[in-house]
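Look for chain A in each of the two complexes below; its partner is chain B in the first and chain C in the second.
And now, the complex of A and B:
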């Protein structure tokens, strides 16, 4: 097992680094994107690339540290549970928000090239 | 190996957090603010996990799970409010 520890730690640090990069990119994207619907993409980068990946990385690092003894399994388990919750709930939450924002017209779709959903609603295929 | 090197990644998460706070305060429409608060929650969940690993205490990570669930509840209630103008209590 002690051969695997350095490998787990390195992988964990790489994942935490990727998460740090994704957070900065998502933060910039959140402020530079034109409207709400494009910002959903930045929110997904923050949720998956910036939170799910480093939490998995931290769980791997936690697994690989011998000094913690029994606590490392608790840290790793809680980390994996958080990561699974985040992986499932983040997309569902942002999808809910996008649907509500679109149909309640709370978010203005300003730089609009084409809106296929609007045409479907007019054609009556989608009831609000 | 060691845990000390985690400290060098924390400033990037803080930068992301500050940028989300800017968007939450500046956000023109209501869904923008909710989205920024979502992202702040996810950043804080990641920071909680990193700090609990760095300090080695299993207590901090327990509330990262709860925070993730609360962020989802915020989304559900906000979209329910936006569409139906009621919260369903």
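And now, the complex of A and C:
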């Protein structure tokens, strides 16, 4: 276990660093992207890359600190559970947001390259 | 000279009380509604001054923006959209005299009570050394002596319930009054009966499936927050609000017709009344026990005090329950959860039904 601790620490710090990078990228995307749906993509980067990954990293760091005793397993377990729920629920949230915004026509789809959903609706395969 | 200086707050208090009384009278008899709103704002200003003098700065911080700024603004907008003058020919002279008399009597009684409290404590205004009080609270909260502590390791809950119980009680009742107001406005409305159909109503299957997975966990977390209110930060109100998330998820993800399978408004009102009765019981149970066995006890008492030697047990079989705190948290959880459930259900009544009822009332 002692040998594994430095490895866990390094992996944890790397994951936290990836999270910080993703947060910055998501912030830039939020400011620069043209419409709602692409900005939602930036928000998803923030939720998964910027929250899920660093929480896993924090759990690994907590596991590697032996001074905490048994408490470190509680910390790491809570972190892993939170991360898994975030991984499941953040995409669901952005999916529902995008669907509601698309069908209620609340968001303007202006710079549009391709809209497969519109073609499906026209062909009658998907109900609004 | 120094006597005169120490009299200043009393004089300011008396003048403010008198001026706010006059402003209330003017606001009631004024026929021009805009002027009436301004008079009521003047009255609120004097009340804010009184609150400041009585050393409740937290109330002042809320009172000034809401009662002096927000409320008159909303009222003025409402008056501009409707009619500027009262159409009932003003208030009759006898009514206005009765109003003036009752307000004066109320002010005199309040002033008498202040003077009486002065005779008891030799000071109307609380001690300026508020930090001493805070130090005393914090020192006795975690000092495991039943005569001084409330036997709860969570300092905020212990202080809020055991030292500021009345404050908590009135804060709680403000929210319940708001819900009663919503129920009174929507008394003729009811959620229309319609069969819930899985394939047509609600959002996509992804949302429904993940909501089904997450919902039991939200309820478990809410109950755990409420029942651990005397051990960890949180409590009945926070747990109830967390639990109310499930109701809003049911309404938004599935449908209000699906939500009414689990939450009927009448049953929610019944459960909320049970919760309110539990709150009242937890506030008065020690006083009731003291009355029955003939010993001195206080309302909002939890653990025994030096002059009132009865109190609820702080543990059952080695599990800490902190006397009335567990009962209070459980009842508050039930009442808040059901209150928010009622609000969400009322807010989700379709607009056509509301319009139908309103038109029926008008015609």
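Criterion: the second predicted complex is superposed on the first by the 128 of 128 C-alpha atoms of A that agree within 3 Å, B and C clash if a C-alpha of one lies under 4 Å from a C-alpha of the other, contacts with A are read in each partner's own complex, and residues count from 1 in each chain.
Just so it is clear, a contact is a pair of C-beta atoms (placed from the backbone, for glycine too) under 8 Å apart; a residue touches a chain by one contact, two chains touch by 3 or more.
Bear in mind the structure is a predicted one, so any value in this text is a computation, not a measurement.
Undergrad: First (chain B), second (chain C), both or neither: which does A:15 touch?
TA: Neither partner.
Undergrad: Count the residues of chain A touched by chain B and by chain C, then name the partner with the higher count.
TA: With both complexes superposed on chain A, more residues of chain A are touched by B.
Undergrad: Between chain B (first) and chain C (second), which, if any, makes contact with A:51: first, second, both or neither?
TA: Only chain B is touched by A:51; chain C is not.
Undergrad: May I ask you to decide whether A:63 touches chain B, chain C, both, or neither, giving the answer as first, second, both or neither?
TA: Touch partners of A:63: none, neither chain B nor chain C.
Undergrad: Examine A:90 and indicate which partner it touches, taking first as chain B and second as chain C; both and neither are also allowed.
TA: In the superposition, A:90 touches chain B alone.
Undergrad: Could you tell me if A:99 is touching chain B, chain C, both of them or neither one (first, second, both, neither)?
TA: Touch partners of A:99: chain B and chain C.
Undergrad: Go through chain A and flag every residue that touches chain B in one model and chain C in the other.
TA: 85, 89, 92, 96, 99-100
Undergrad: Where on chain A does chain C make contact in their complex?
TA: Its residues touching chain C are 85, 88-89, 92, 95-96, 99-100.
Undergrad: Residue numbers of chain C touching chain A in their complex, please.
TA: Against chain A, chain C makes touches at 203-204, 206-207, 210, 213-214, 253.
Undergrad: Quick check on the complex: what are the chain A residues that touch chain B?
TA: 5-6, 9, 13, 16-17, 19-21, 23-24, 26-28, 30-31, 36, 39-40, 42-43, 46-47, 50-51, 54-55, 58-59, 61-62, 64-65, 68, 71, 74-75, 78-79, 81-82, 85-86, 89-90, 92-94, 96-101, 103-104, 106-108
Undergrad: Provide the residue numbers of chain B that touch chain A in the complex, in ascending order.
TA: 1-3, 5-6, 9, 12-13, 15-20, 22-23, 26, 28-32, 34-36, 38-39, 42-43, 45-46, 49-50, 52-53, 56, 58, 61-62, 64-65, 68-69, 71-72, 74-76, 78-80, 82-83
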